[in-house]
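Here chain A shows up in two complexes: once beside chain B, once beside chain C.
Let's look at the complex of A and B:
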């Protein structure tokens, strides 16, 4: 019997598991795989845009959302601060791999646009567009996932249009790892760079183009772990004598992989039971506790728990499925929905009648648009942690049993 | 391969592919699987690259859309045309069952011959069988022969044990220990004569014979399944094949009966043993547990890690994925490079770990771990015997079952 069973291996599920296990709860985490975190930029965005306006300081704007049906509107500011602190604590356990400014930091994207982020990998930080040093973007002619000339030209234009022009140049580096390299992804390049002769060859080529006073932007290929990326980044800055930053590119996105693996390792250390590679299919109340059915190769696995947190994502992640033309449903509890998002109450439980001791977190929740707002990982982390706190409190108050609310 | 069109080309799979990590010019699961499968389905042929796949299935555990990536790779592999000698070698490596049946009769001869380094070099030159990885040694007399005159426990509670070729021909003593353990839990253990599950045939391109084996095995298993008797296997590759491939890739008749009826041994022990955790021994031992890929492929979590924890042990789950031996893969000369590189990652991790015992349940992984660590590698059941703690999982047999008598092992 588990205290808390969590479905979903994205940011919301991982944070919920970390928080519940941190309170010494017996935790089960069921996930299909790393899902969208492997596609992520690695930055944790709290809130980048609000009503199509750029947000400079997310904390202030979040305060103005209080009382709305936005997920941030139903949590308190200390809840958000706690989640950010908890996440930072996990990620920076060994070293300061992540940094946060007072407000949002605006960073260049692989196509030369700007993106906001709050908690940023240190290896991306020198890309801060508020800084004045001119930027040199580097690529390799054979690498299909980053085009430095395109990125530089668009970045120059975008910044000029904003009235804060910056000198941006690009360079296709003469570095070849010596394989038939046209299909190499960032992940492959990272594996190759772990071999010292490839690394030295890259450093030597970079030394030829680096200019004093400039900063250097590379596609994100420095290592598959936070530790490795940080070490390679320091070494590059040391050898080149200029600030260096990574730009997240097409998947497999290393900054996202590093983030996922760091969180996953943390859960393993906490002793969370992890079922990965299978689908949670059904949840019901049976003999006074919740029974979760997981479809694995060859048959079903059934688990019993006192509380459940669903963090299965939005319609793209399978957290919500479309039934008919105009009907949607949450497929695990079979909750009918009028739109591809689940309405929840202020306690992160189903707004309509539903199982007691069931909480929701992350992108499946109604009331916000993570893509427009650039708030995805922030809302996920905050609501994930809060769901775990709510579940834990309910268990502490003896709130076992799972009969329907209302 | 009905799931081929669910592939979104997100590249999640590439990140867990051991072959891609060792050799970036391998196109990876996404391309070797769904992309080439689409091409193959419209008559576009296949590519030699699919031969590099180890069939570890890690890509399938990672895929967010449930694409059965390796199905297409296995189908394409069966159509590959190979150089003459390599074709014969692969045919032979697929016949694990036959090799075992012959070798257990003349084990001392076979073991001595295969232990001669010079002969291994000759085999590498002539037959393409790698001299780098240790070939398994065979036992004198197979598990099935040893069971013939064994008096097993008779009980109303029955399980069917699928030992697989490794326990049958290489480590029958371990097979007997597993049977004794299940009997100590009050179960009558049935071990009917079955063929190889078919996994080595699938990866060596002999799809038709793999299907024949599945049909044959299902014919024998059917009456047991209809009585509701569960099938327990200790070799992760065999259980994964029964759980997944019989109804899927191999399309064996009646394979639907296997649904919810096949269990990995640790999975079954955790479910059927006492749930109470043991008090840690005064000198708590640390075990390093290597997770076989085909345990991950079963999407059931890590029951062996859980079992070892229940025994009061400190468990370190090794992070390395795929030992690089991968059944018959590591015995192929042209795969030496990939196998070596994957082994190196694991060796590095092992060198940085401190542990008392090294544990894995897969026969092939165990051979590889032993080679890399230079230490003995234990099966979880051997650890239980070592600790004399199997009693922890056991209630006295007499309590569960009034009539305890020994009769001839059913077969």
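Let's look at the complex of A and C:
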């Protein structure tokens, strides 16, 4: 019998599992895979836009959402700050891999637009567009997932439109790690760079183009873990004598993979039981507790628990299905929905009658648009942690049992 | 600019007319409001009819299809994949249709052969369990984008007096004393100007009424919209037709890596109506399920619709020859008292060459030129068709993509070299759609999510487009991809669509501030 069973291996589910396990609860995490973290930029955004306006200080704007239907609106500011601090603590356990400015940091994208983020991987931080050093973007002519000239030209235009005098240049480097490099992904390049002769060849070529006083931007290919990326990044900055930053590129996105790996490893350390590659199919109330049926590679498994947190994401992650008949459904509880999001009450429980001891977290929740406002990982972390706290408190208050809530 | 003939419309018929004119040595310019295949020619099944579909209702049309089908296979084989076709009779459909159908096929000269049920099911395992009889017919799949392009290339190559203007809309028709003297056009790149001519040929399909109106002529067209669905894989090897009177949702055509199922029939007032309604989607899925038992579990990657122009009246040309039933050559001198204008209307892609021949015959008669049609003899070459077809269906060494060639579109295996070769000299922000038509880039399962970014990066790197145009091209192209994927947005495709939008709108933050919700 688990205390809390969590469905979903993205930011919300991982944070919920970390928080519940941190309170010494018996935790089961069921996921079909690494969730959308593998596709993320690796930056943790809290709130980048509000009502189409760029947000400079997310904390102030989040405070103004209090009492609204926005997921942030149902959480107190100290609780949001605590969640972000908890996430930072997990990520920076060994080293300062993630940094935060006073407000949002604006970074260049691979097509030369700007994107906001709050908690930024240290290896991306020198891309901060508020810094003064001119930028040189570097790529390789054979690499189809990053085009430095395009990114540089569009970035120059975008910055000029904002009145920024920042200089941006680009350079195609004469470095080729193999006879046939044209099909390589970022992941392949990272693995090649783990071999010292490829690494040295890249460093040698970079040394030829580096200019004192400038900073270098590279596609994100420096390693598959936070440690590896940090080590390679430090070494590059040391050998080149200039700041270096990574730009996230088309998935598989290494910054996202590193983030997932770090959180996953933390859960393993906490002793969370993790069932991956499996689909939660059905949840029901049986003999006074919750029974979760999971379709695993070897056949169906059933787990019993006192509480369940659903953090299965939006349409892309399969947390919400869109049916031919033009309505939506949460497929585990079979909740029919009018829109691709689940309405929840202020306690992150189904707004309509449903199971007691069931909480929701992350992108499946109604009340916000993570793509538009750039708040996806922030809301996921905050509501994931809060769902775990709510579940834990309910268990402490003896709220065991699974009657339907009316 | 001065030409003997202005051809309006860059679909199969218009480009067929241009090539026919070129082969007869007549100066002409083709004017198209969008890109080639802007209208119905870019929005159909991709079916080269055997004619069997019309064998009962209209044996004359059936015979026309049969002979044109044979001719095109011989002359334009680069653009055609001879996959063959089945007509399937399902339990519950009217059995008394079979005999008259077989008789109609015989009369129209269409070869049919009954296939033993067990063999048909082995060759086409996705067929419904309700199939009782199966007949093979000489249907084929044809790449309409390639065919149109091949016609244009052939025309430009055959006669130096021929040219084409795309993204150029006809805004006025100049007349003097009941005689056409030219057209006024508005080009996206060159602005407004006049083209002097002696003859206008309007091959504008559903826009025929709008063009005729510029000359004060009422065409009395009836517009009928048909919607189609694209499935994410080629789950049949042959065209599969339902053996019953032609109706909605009864043809599936394997189209390279995908399969296209359709159609529907709804009256519309708008020639550019390419919206697929929820009702049409549900109806097509239901009818598809009757022919292929597992169709509900296949992914629909997009929906699209084309508008058929139907002629209300049965019209005769000036000399009294009765026109064929599938299409009509409208001579506006005899019909409306305007000299120098012909409208070709109706028909189907399979008979486009015949339609062009009849139209240009009529034009020559009016121009007093005695130049016989040559499109019955001269082969229509498509190097791109040959290269792509051999690449997909039986790869000879020289056509296979090399390891050195950067694969830009992995779904359709389009390499950087092919894209660069295919890139038009004067690229506009429609450049990605141009390349899609020429190479199939972005037409596969991910619908441009990966290749659109890579393609603009490549084109920019090679100096084909500016950074600003790269951004606009991306937005325009993905906007059109999402329009079609939005019509089929359920099940797994809903996930794919959200992924695609997340990449461009969130990950790349392409033009923040205009970002719409994920669904």
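Quick note on the criterion: the second predicted complex is superposed on the first by the 401 of 406 C-alpha atoms of A that agree within 3 Å, B and C clash if a C-alpha of one lies under 4 Å from a C-alpha of the other, contacts with A are read in each partner's own complex, and residues count from 1 in each chain.
We adopt the following convention: a residue touches a chain if its C-beta (ideal position, glycine included) is under 8 Å from a C-beta of that chain, and two chains touch if they have at least 3 such contacts.
Note that the structure is predicted; figures quoted are calculated from it, not measured.
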{"item": "Which superposed partner A:142 touches (first chain B, second chain C, both, neither)", "value": "second"}
{"item": "Contacts of A:371 with chain B and chain C, given as first, second, both or neither", "value": "second"}
{"item": "Contacts of A:67 with chain B and chain C, given as first, second, both or neither", "value": "neither"}
{"item": "First (chain B), second (chain C), both or neither touched by A:279", "value": "first"}
{"item": "Contacts of A:39 with chain B and chain C, given as first, second, both or neither", "value": "both"}
{"item": "Contact breadth on chain A, by residue count: chain C or chain B", "value": "C"}
{"item": "Touched partner set for A:185, first chain B, second chain C, both or neither", "value": "first"}
{"item": "First, second, both or neither for A:297, with chain B first and chain C second", "value": "first"}
{"item": "Touched partner set for A:268, first chain B, second chain C, both or neither", "value": "first"}
{"item": "Residues of chain A at both interfaces, chain B in one complex, chain C in the other", "value": "36, 39, 179-180, 183, 250-251, 317-318"}
{"item": "Residues of chain C defined as touching chain A within the complex", "value": "278, 281-282, 285, 296, 403-408, 416, 450, 453-454, 456-458, 460-461, 466-468, 470-471, 474, 489-491, 494-495, 498-499, 501-503, 505-513, 515-519"}
{"item": "Chain A-touching residues of chain B, taken from the complex the two chains share", "value": "10-12, 14-15, 20-21, 24-25, 27, 31, 60-64, 66, 239-240, 242-244, 258-262, 296-302, 306, 317"}
{"item": "List of chain A residues in touch with chain B within their complex", "value": "32-36, 38-39, 177, 179-180, 183-185, 187-188, 191-192, 250-252, 257, 268, 273-279, 294, 296-301, 317-318"}
{"item": "In the complex, chain A residues that touch chain C", "value": "36, 39-41, 48-49, 52, 54, 109-115, 141-142, 144-147, 149-150, 153-154, 157, 172, 179-180, 182-183, 248, 250-251, 253, 314-318, 321-326, 340, 369-372, 374, 376"}
